[in-house]
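The data blocks that follow each hold one structure.
Note that chain A is present in both complexes that follow, paired respectively with chain B and with chain C.
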Partner chain A sequence: MIDAGLIIYWLLAALVYPGFLFLTSLALFTQYYTRKLSARLQNRMGPSYVGPAGILQPLYDLLKLIRVKEEVLPRNSLPWIGRIAGLLGLGAAYTIPLLLPLSILRIHGPYDFLVYMYLCCLWIPFMLIVMSLSFPGPYTSVGVSRILTLVTICEPAYFAALLVPVALTSSMGDPYSVYTASLNSWRLWLNPYTLPLMILSLLAALVSLQAKAMYQPFNIPEAEQEIIAGFETEFSGPILGLGSLLHDVDVAVTALSITYIILGGPYPYPHLSIPGIIVLIAKYLVVMFLAVLVKNLYGRYRIEQALYTLFKYSFIPAIIALTLAYIYINT
Partner chain B sequence: MYVVELEYGDPGLVALAASLFMFTVFIIVLLIYEGLRNKKTRFTETYLGGEPEDIVSNPTPSPANLYWGFIRRFARVLYRAVRDRMHTGNLQDWLLFMTSWYGLLLLVSIILGAIYMVRGVYP
Partner chain C sequence: MTISKIIEVPYALEIPVGPQHPALHEPVLLKAYADGEEVVRVDIYTGYNHRGIEKLTEKNTFYRNIFIVARVCGICNLVHANCYVRALEELLEKYPNDRARYLRVLAMELERVHSHMLINAVMAEIIGFDSLFMNIMRDREYVMKAKEVLTGNRVLSDYLMVGGVRRDVDSVKKDRLLKLIDRVLPRVKYYRRVFMEDDTLLKRMVGVGVVSKTDALRMSLVGPPARASGVKIDVRSSEKYDAYDEIPFNVVTRKEGDVWARMMVRWDEAIESLNMARYALEHLPSDGNPVPDERRLPRRFPPGEAYTRVEAPRGELTYYVMSDGKPKPYRVKIRTPSFINIINTASVYVGYTVADLPVILVSWDPCISCMERVTVIDPRTGEKRKVPVKELAGGGSRRVSQRYSL
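Now for the complex of A and B:
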């Protein structure tokens, strides 16, 4: 029986926290943090004028694209498919926090890790691809072929990296649950047998985040100037705003998932305590700081260099950690 | 405290609840997006670095390019190995390639069979 309270929580979770309002704010803040940090690393100012210290610049840019700019469409495009795909991708991204202990409405159960992966690694990248293919062109096709090529290594590596804490915490609650892993993964950092596995898992996940976010050296699908803007060459106005928001929300959700599933979120402090919130924010900012640092230290790789780097520093460490994790579980 | 937990024993129900939530959010963001977006549109030619559309035979390359792009770029080593060792045009090379793989599979099956006979499936 569905009661009114559940419907209110359902709508609150969808609209306010951790859905539309919270995750959009987090994604825009993450974009601001990335731009400001990149600028300071390159001895520039970065966003400065809109809001205090320029913090509202990403929101202003998004509103300008959606509200003010006109949509310039190539003649053989299918804009409504692009719009629907982008919004479905956002729907999937806004659902992911419900599987984490951060939400006011939590959905969990055994094997919810597969639901997490279904939303995070299938819906988001494929909706971005469908969006891009709805506005076809030679540069778009090259960009999409590069996304597909990256996805073949990046997503399995991300899956294997997150599976390590999920498998190791399976005996502590629901089996293969993102929720159980988020509540208990901090214990794995204190166990001398599982500590090296968690370090390998973190390394693999951070390299995957770099590729999923398409930050340097993995910014091959957009490859500015080389293939104009790659998969987003034909995006303009509102659809560019939507694509940009989907990308930012994807980055925020991935960084948040690494913070929770591998780094244990606010733990060892309780969830709604002040130290817990501070620890959670600090971990999130450290994860994003590492991504921005690598982004500014490296130039763009060629596609095969990127794939071998992903294979070497993400896929192989994740597989080694996973194999050792199963040996540990069975001994 | 201020938290509602929907705990399901069946992973299918978790997927169903998540999909339902995803659909709810989709409707909400659709309404917000359609309410906010600028409806003004303008049609142009496909962007080809300033060149007219007639310089390309097709503005959208074939989907087969996605496959060959992957095979030729990433799986280049594998592609060359298969092409140079198997597809040389010499039947003996093909036979050698195929029998060596079958030989390896046979060897693996013999080893696994021996392990099974000695230790059983669940030792």
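Now for the complex of A and C:
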């Protein structure tokens, strides 16, 4: 017998908080924050018309793409596959916050980190690629080949970087659980033995966030001046809205995960306290600020330079931190 | 079992860059064939922006044409007008006074500064460095302001007239111009340092699109692309037109020959130009009114022909004007620097990646509206014939000896 109240609770978690509604708002706010901050760094105004200080501009853009703009289909395109892939990617992204302590419905258990990685690092990029390939074109194929090249280093580096706090905290609760890591990773920053590991892990995660978000210097798959818009060249109308929403949600989820798993979220304060909320929001904004700052301080690398940089500043630090973490656990 | 079907997989991917492309601000088509990321061949197609200006000049009077040729190119309108006006002055044998010659140099050097700042900003944008692009464009506004103070307009100035210029400067304007130059010079030096030191810019530009000195001579490159390959070619120093014989300046050359060297040559030239502009202002002669009385200019031109050259921001620009004694010119022939620099360099792209293609293209400082030449129409048969650009440049299927090619 399933309790009706529980079903409502589940639906509330999936659709309102922290699922669909909350994560979409967070993603759109992140887009606004990125655009406004970039604009101010470049001596521009940025979005300023829709809503107070232009904060509703991303929502307006999304609605316009989905409801007003025409969908132009290139030859040999499979629009239904593109749409389904986009929705599946969004579905995977909306599931991820349920694993974090942010959620009102906390889904956690041993080894749920693998589920997190499966959703975050496999489904979202994979669905983005399927979406892109269902609208084929010469620029699209170059863009997709560039995404695939980038993903081969950036996703393993992200995995290794997040595995450091997850492995270090696996004795404190459920083993290899995102939830346990988020609750306890703030303790690792106070321990002099694990502090350097956390710094390395944070560096690796921030660099791979830059690559996952496709911000400069890693905006190679969508390099505007080289291949028009890369993987999303042939997107138009609703599918473009879906694609850009998927990208924004991906960025928001990745930044949120770094905020919780590596930086420890609001802890040691509880969520529902003023210092807890302030700490959580401040950490999230700082993570995004660093990403936007790097975005504006660099141009675009060539693909081999980007791979080298990712290897040097993301993959190697993450692997070193992970090795040291296992040495620390076993001693 | 016999083979019933053969499927050929093309080794190269065809990537059209243009005629509408975010990297290009003007319509030209570079058809690139890429093997993975590596460019194996580039074909250049022009003809999307042909406006028939040479024909238009034959339909209008000599004086109206001053304003028509200034519209060949927006960025370098003054040098076009200067070249044409000097050709008219040669026909009439009526020369401007010293003050007018200095003012012409001042205006042209300001134009060179903003042209070079523009293309360096575009290069930053092509590399994806948006914040640098925005900052250079903001500081370029000072130069535009200086040009406005001098000529009355930011871009299209229509400043030149046969026998002089159309506006004089007084002491107030002179002070404002000097102040603006003092403001721009440190910024240009700062951006030069950024181009010397910044990690991304160096990674994307150094060693890309290398043209050796021999190749630069063989392709007849002109302007900053030639000077960046070590060819010391500059019409300002060889022709010494206007007041360039009296104003001291250095011809900047570099040996590297890559994209970075071309951009650095432009920054160094911008600094030289600002110093020249300041020198021209500080040593402005006072030998009479530089503004000619336009009502007293001769209506008819004697039969004859004139050929003049100037150093445009993009290289050597030449005008040939022929008069048959009537109020309209018989022929005006324009040869712009972009024409040579773009279409002769298709081989430079080969071997670099798709990502380098727009970077190399921008390093020539392409001015598409300058280089449009031909539209082949056969109205009787309705047949379309594509004239390869190589043929226009003197090569191609109807190849004559290299000595006689353009």
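In this text, the second predicted complex is superposed on the first by the 330 of 331 C-alpha atoms of A that agree within 3 Å, B and C clash if a C-alpha of one lies under 4 Å from a C-alpha of the other, contacts with A are read in each partner's own complex, and residues count from 1 in each chain.
The rule is simple: a contact is a pair of C-beta atoms (placed from the backbone, for glycine too) under 8 Å apart; a residue touches a chain by one contact, two chains touch by 3 or more.
Every value quoted in this text rests on a predicted model; they were computed, and no experiment measured them.
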Check your understanding: After the match on chain A, would you call chain B and chain C a fit or a clash?
Key -> fit
Exercise for review: Return first, second, both or neither, reflecting whether A:I228 touches chain B, chain C, both chains, or no partner chain.
Suggested key: both
Review point. Thinking of the overlay built on chain A, is A:S141 touched by chain B (first), by chain C (second), by both, or by neither?
Key: both
Check your understanding: Once the shared chain is lined up, is A:I303 touching chain B (first), chain C (second), both, or neither of them?
Key -> both
Practice item. Give one of first, second, both or neither to describe whether A:N330 is in contact with chain B, with chain C, with both, or with none. Key: neither
Exercise for review: Quick one: classify A:L114 as touching chain B (first), chain C (second), both or neither.
Suggested key: first
Point to revise | Touch count on chain A, higher of chain B and chain C | key: B
Review point. Is A:Y9 in contact with chain B, with chain C, with both, or with neither (first, second, both, neither)?
Key: first
Exercise for review: Please state the minimum Cα-Cα separation between chain B and chain C in the superposed model, rounded to the nearest whole Å.
Suggested key: 5
Point to revise | Contact residues of chain A, present in both the chain B and the chain C interface | key: 138-139, 141-142, 145, 228, 303
Revision key, fill the gap. Note: in the complex, chain C contacts chain A through residues 13-16, 21-23, 34, 36-37, 124-135, 138, 198-201, 203-204, 353-358
**Study point:** For the chain B and chain A complex, residues of the former touching the latter
**Key:** 1-11, 13-15, 17-18, 21-26, 28-30, 32-33, 36-38, 40-49, 56, 59-61, 65-66, 69-70, 73-74, 76
Practice item. Under the touch definition given earlier, write down the residues of chain A that touch chain B in their complex. Key: 5-6, 9-11, 13-15, 19-20, 63, 66-76, 79, 83, 87-88, 90-92, 94-95, 98-99, 103-112, 114-115, 118-119, 123, 136-139, 141-142, 144-146, 148-149, 152, 228, 233-234, 237-238, 242, 272, 303-304, 307
**Study point:** chain A residues within the chain C interface of the complex
**Key:** 38, 41-44, 138-139, 141-142, 145, 216-217, 219-220, 223-228, 296-303, 305
